[in-house]
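Shared chain: chain A. Partners: chain B in the first complex, chain C in the second.
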Partner chain A sequence: MATFSLLVTANPHSSQGQFSAIQFAKTLLHQGHVIKRVFFYADGVLVASRLNCPPSDEYNLTKTWAKLAITHDFELTACVTVAMKRGIINATEADRNALTGENIDPAFEISGLGQLTEAMLESDRLVTFG
Partner chain B sequence: MKTLYILNNPQLFEQCTLAMGTQDALLLIEDAVVLSEQQSSDENHFVLEEDLIARGLNSGSSWNKKNYNEFVALTLEYNKSVSWL
Partner chain C sequence: MSKSLAIIFNKAPYGNQSGRELLDIALMAAAFDMEISALFIGDGVYQLLTNQQPDILHMKNHSSTYKALELYGIETVLVSSEDLEQRRLSESRLMPVSSLSNHKQINKTIAESDFVFML
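After this line comes the complex of A and B, so read on.
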């Protein structure tokens, strides 16, 4: 059994990377491996918004990540700097910046790049999907 | 140290293969799977079968096909992976 972390930089609305990352995650979990953390960076953080509303006949990436993370007990972490730049905000940052609301999906958290470094150090493998 | 190079952009094939050492391997995924129809294969060259099928390209290629189960196994067989973006 190996421990994986994933780095996802792919834009959920215009590239295949998020789908590839989910398929990779599902496959490794099925094989009995574990995930420590999925770290979202660059346009990848756009998947963390709970306001993402794809049409009902399209795949909901946000809900798929959330369900997978809750079922298999791993963390979904979005980089704070790139998330805020793209309007992905949690309650703390909304407060600090005098914004009217937060929009992060409850299954995700916002944190710093240190969480990526820690995931790399504490996992056997890091695989990037961009 | 054996590295698995993961390529999803067909335009970066030359750059990526230039960076590879003799022990390293290449896995084509997403749009880069079209390269398996254009470039000659090597024993360390693999292509992701699911992405080939999704593009109607599953026949004829001499490249070694790997499914997602084997993709996960490759990332463990090699010491680390580099996604060439």
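After this line comes the complex of A and C, so read on.
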């Protein structure tokens, strides 16, 4: 049994990386491994918007991540710098930047790149999905 | 125990954000005292060119940040001589932040690292 963290940089709307990451995470958990944190970076942060609204017959990546993380008690963290650039905003940043609203899904948190480094230091493996 | 990290730059700057985003990872990990190698291969060697003028494209110039690598304690900065040669670039065209290396040495560095990043 090992501790894993994932780095997800894939764009949820235009590439398969997020789907692969979820399948990988499910398999890890099924095999008894532990996931410490899934860190979203680059276009990967786009999955953290609770306003993502795919057609009803398509897979909802945001909700799937949220359910998995809550069920298995691991963290979903989006990098603040790249998230803000892409319009993924929490209440604190909305307030600080005088924006009209926030859109982060409650299962996700926005934090700094230090959380990626910390995940590396506290995990046996980090696997990137780009 | 300190863990080691290899960061592979393999894309040219400005067509995408990967260079800038990898740089941010490198500097942050350096602040955590990780042992870091920055490796420039393939089109990634273009990241190190001097006199970049992305302001013409309304892009932010991140190339000067490569000069901060040493300041952050990142001493292993290797650029592939094979990939420079293939692109008809000489070392004199690059910022003085990297050491000339080769695929064999770069592969060895990757193999010996605990974590490997490429975006």
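Everything below uses one rule, namely that the second predicted complex is superposed on the first by the 130 of 130 C-alpha atoms of A that agree within 3 Å, B and C clash if a C-alpha of one lies under 4 Å from a C-alpha of the other, contacts with A are read in each partner's own complex, and residues count from 1 in each chain.
What we mean here is this: contacts are C-beta pairs under 8 Å (C-beta built on N, C-alpha and C of every residue); 3 or more make two chains touch, one makes a residue touch a chain.
Since the structure is predicted, the reported quantities are computational estimates derived from the model, not experimental observations.
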Regarding the shared-chain residue A:17, is it in contact with chain B (first), chain C (second), both, or neither? first
A:103 contacts which: chain B (first), chain C (second), both, neither? neither
Figure out whether A:27 sits in contact with chain B (first) or chain C (second), or with both, or with neither. first
After lining up the shared chain so the two structures overlap, which partner does A:52 touch, if you call chain B first and chain C second: first, second, both or neither? neither
Kindly classify A:9 by the partners it touches after superposition: chain B alone (first), chain C alone (second), both, or neither? both
With both complexes overlaid on chain A, does A:60 touch chain B (first), chain C (second), both or neither? neither
Could you say whether A:130 touches chain B, chain C, both of them, or neither, answering first, second, both or neither? both
Hey, what residues of chain A end up touching chain B and chain C alike? 9, 126, 128, 130
Contact residues on chain C for chain A in the complex? 3, 5, 17-18, 21, 24-25, 28-29, 31-32, 34, 115, 117-119
If we count contacts the way the header does, which residues on chain A are in touch with chain C in the complex? 7, 9, 41-42, 81-82, 112-114, 116-118, 120-121, 126, 128, 130
Across the complex, what residues on chain B touch chain A? 6, 8, 29-31, 50-51, 68-69, 71-72, 75-76, 80-83, 85
Give the list of chain A residues in touch with chain B in this complex. 2, 4, 9, 15-17, 20, 23-24, 27-28, 31, 33, 124-130
